[in-house]
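Note that the chains take the letters A, B, C and D in the order they are written out, and that residue 1 is the start of every chain.
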């Protein structure tokens, strides 16, 4: 698989053989922090491609926006990645080597991301890069990653339609979030009609396309589809349209500052989300966003994602405690932050499974790498470099947290090129 | 798109849509008034206008926090205090900026544009350092949320009404100040003939500073009002820049009435198009129409025809 | 210069029924007057009489509300400013407006009537003819010695002369001067009068001036304007003794 | 004004400035920097094209455009469309439902190449379009505005609005434009892989070469009568008009010239960076371009190059070591360049370095005559457009 690096070869990584089978065949390869404590293997064995690995350290890169408009969103990811690195170091590092990170600022500017990637790969020879947030930055970085054969661990839920041998996608691709969310609304809430609303760029548009196809398949109706420019702050007209169309569900993928305006204006227009008429299902409002919107404005909306801070499992309790200890009690943790936390861990497991830092060697062992201490519960890397993960539905409370009201029985298979949804 | 609706339903929707247009109108008026004063009366382009608005919004945020912690019983009324504070703080900063920067740049309007852009970058980063990069949530008293039920179907958002009332009162206040007060006469005298105004004993430097401060103060009130409907974050102010400038320029720079007329025209056009088209295309079309009209009629809607 | 005398009455400039209003205020109201070739005409009148506006209208700076301006048979009201200049009308402003960053030589060179289109200006070369013309004009305007000086360093009076020189080098048929001696010393004033006399040998000149002494020195005929209209017209003696003029100047 | 031989010109003060820049860009930087840093310098230089245009347009003629990013972007998109089509061969895109069209079109359910993409299969068309598209748009805007005497602040605001419109449009029409992600994953130019180090170094030198072509073009315009008219127009628009010039035509010309430079810069940017996206078109990007020009000295075309290099290098440097300080520094730069040193680097050079030079190398009498005019009262209303080192070109030699 690792050799299929051409663009044409991306798609046929193959669809998984189904959940059960994969579980059975791959469970055996799990190993957690046990083998790593063995004698530290010599550097020339584990690093044949000149990465920045010494006998006791290994360098990785963290590449997010610290400045500019995206800094708001990306800071959580930086914190999570640093936390994971710290924890890995405390537990003995990777192949006996302590992780050192080089942090670069993408400055919310896509060429800067590409430049910094080039710097990290060419000058610093980092063994892995944890970074990027927007699709645009990932798209800018991608050719560089492929050219210098780096490995990017990308945390954001995104639109799919991509499968690079040089990226591990630790967030969900669109179908994982959307299909489960819509199925839930239809089954549990009896939804029949949907109004699709998003900011005007690729992720909402692709997501709504998938949603629309899925709704069509279920024989239900989409009564409206609407996009507003990024940063738009006046939603009165669309609110009126929604009132006119009376959908059962508003399916919202509005992002950034627009979010704040949208929910405040919905509330002011007399829409009480707790009445669920219409029900609002979002794929873009994490706990992070609620802080800006204000919990009282979103009480009663539902979000469909893989992680909520309130998830009740021991992994998550430890994670939340560690995160708050590191960064303060008032921190909130959203879906992407958790996904960013997975990156360093998944890289560590892959390195240790491959017994090498070489990118080509770890690429061969990715499929099936598991992380059962993941805050979200359990994840596993699919052959297509995305993660198997569960999707949850949360209901927002005034305190800015979600109550998890539903989770999928089984792991959702990642399907970045969903047939029948394009 | 109107199949299957009763007439009364349609009427209600149109009523609410008309109201949506009006609240967009009041948002535009609030945004543009401060700028119109500064630009129209002084010829200064204040690119940091959006950041002054956000300063007002942060003031509201802090005031709300203060009331919640120390005077919870008075929380319902904190918003009025916040608006006054927002005005004072923004006006004070405006006066300072005028003294430090703007006064050296009169008659170089393009340079004020660049300098205030620099100021806006600094203010944004200052917000980021002080309040964090994330948007802050401003808590509002309960009475401000929710809607005013007119008929079964027609609901008017209270905060929309509130913004409208603020916009109209400030517009009226500015009108009285500029056209009915001694101070306003002085301002207009300085605008029309600075040397002559100085010769008759008007302290033109003082008038400039007050005018700039007033414009910034109004931006602060606008920012306070916008916490009800928009986001409060370090770079939220940028979202308003293009719209605000277009409203002012479209109205004809030296005419306050023009600013209001243009705010009305643009808001109605945009809100109507938004209803019938998708949001993005409505925005593009509105901007295109405004730019197109400005190309045909560069002096704006209401400019006086004067000897040039 | 060889003014094309094609108008029916052989006037170089025929202004008829000219009106312009600003928001209802008529700055120039149904004004008519005629200039013969080679004539020196001075327009006088109290402040706000509309004198400068008349010049603005002729040179196209202000567009007339109604009326016609015929110059050498051409209707000027429909032309753009630069076309009016090309048809032979030069205009000096009240405050000296020369290019302060450029030298005197360059100021005159820029005004040289060649290379006025974009491409022309790109291809323009300073050849012998240009230098000759510039030097000739510089001589006329008493600035031969200052050719290499930046215009910013000239005295107020010299700037006025330079601006007149910039018109002269265009070889216009009609020169319009707005208060050419305002703010000048007595000596400069005399020199300017001498300059104007030199110029008028082969130009038609329309001057706005307040200084009656100076007006008497140069004018062939005088037009007195008041509230946008012609109050009186004729020789200097004639208008001085016109009771209407006396009323306007002394009456209140 | 006219040097009889190129050799003589190179020995002149101005010639030495150009030689120094050439030395820096062609010899010193390539030797001192690794290919990675050199590529970054190449990227900075593409902004210098815009800055040179702004010197002509804003510095000389007083027309401040806050929408230069539009022209930069259009040039860049033209190039990117060509490269994207070349990268989207039916073989390379075999997995798409419609092979042979760019990937983002396929994701947006387009089943055929839109008509306006078709001509970009041709390299020669693309090369023409890189200049023609920005120039045509500039002409339309310029014609509409300048013939109606719209200038100054109004022009600035309207160009800014145009930048906003184009950004929203490109982001909204993602099926045709690639949306917010832009046009990415560009690989080869007429079969030549632009991603290798060797290619990037070559592109750097191409960029430097083009930059000098544009510098010479700008210098040519500046030193002809046209250049003087532009400056004159800025200070005394009416006097120029009543000297018989069609002021609007000159403004349109210089605006189009600036657009052409920006378009070339944008195309080179796409080649050097490897993609194009709407974020280089928008308001923020466009205003930043003005500061490159202002820092260099708004009247100096050479200064523009240094301005673009320095601001961008500082940006990279700051954001590597003190990311949170960068906006403060940038803001201070805007204010400082306006309040404290309106003539930018060129002005500082003129006032501090040149006198030193004068003392060190006793100037020969001939050049002394051409030395800058005696100090003028700087406090005047002037916007500080006096001392550009290049201006001494204007001194008449009266051959």
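Heads up, the rule we're going with is that contacts are C-beta pairs under 8 Å (C-beta built on N, C-alpha and C of every residue); 3 or more make two chains touch, one makes a residue touch a chain.
This one's a predicted model, so the numbers in the text were calculated from it and none came from an experiment.
Q: Note the shortest touch-path length, in steps, from chain A to chain C.
A: 2
Q: Quick one: point me to the chain whose Cα centre is farthest from that of chain A.
A: So the chain farthest away from chain A turns out to be C.
Q: Report the inter-centroid distance (CA atoms only) between chain C and chain D in whole Å.
A: 42
Q: Starting from the mean Cα coordinates of chain A and chain B, work out the distance between those two points in Å.
A: 38
Q: Report the inter-centroid distance (CA atoms only) between chain B and chain C in whole Å.
A: Computed value for the inter-centroid distance: 48 Å.
Q: What residues in chain A touch two or more of the other chains?
A: Answer for chain A, listing residues that touch two or more other chains: 200, 227, 229.
Q: Residues touching two or more other chains, restricted to chain D: which are they?
A: Within chain D, residues 168, 171-172, 324, 327 contact more than one other chain.
Q: For chain C, jot down the residues that touch at least 2 other chains.
A: Residues of chain C never touch two or more of the other chains.
Q: Which stretch or stretches of chain B touch chain A in the complex?
A: So the residues of chain B in touch with chain A come to 5, 9, 13, 16-17, 19-20, 23-24, 27, 128, 133-139, 145-147, 149, 155, 157-160, 228-236, 238-239, 270-271, 274-275, 278-280, 282-283.
Q: Inside the complex, what are the residues of chain B that reach chain D?
A: Per the touch definition, chain B meets chain D at residues 39, 43, 45, 101, 104-105, 107-115, 117-122, 124-125, 128-129, 238, 241-242, 245-246, 249, 280-281, 283-284, 287-288, 290-291, 294-296, 298.
Q: Going by the contact rule at the top, pick out the chain D residues touching chain A in the complex.
A: Where chain D meets chain A, its residues are 34, 36, 39-40, 43, 91-95, 97, 103-104, 106-109, 168, 171-172, 174, 179-182, 184-187, 195, 273-275, 277, 279, 315-316, 319-320, 323-324, 326-327.
Q: In their shared complex, at which residues does chain A touch chain D?
A: Against chain D, the touching part of chain A is residues 7-8, 10-11, 66-67, 104-105, 107, 109-112, 114-115, 118-119, 122-123, 134-136, 139-140, 142-144, 147, 161, 200-202, 205-206, 209, 227, 229-230, 417, 422.
Q: Considering the complex alone, what residue numbers of chain C touch chain D?
A: Residue list for chain C touching chain D: 59, 61, 80-82, 85-86, 90-91, 93, 97-103, 105-106, 109-111, 113, 115-118, 121-124, 126, 131, 147-150, 152-153, 163, 166, 170.
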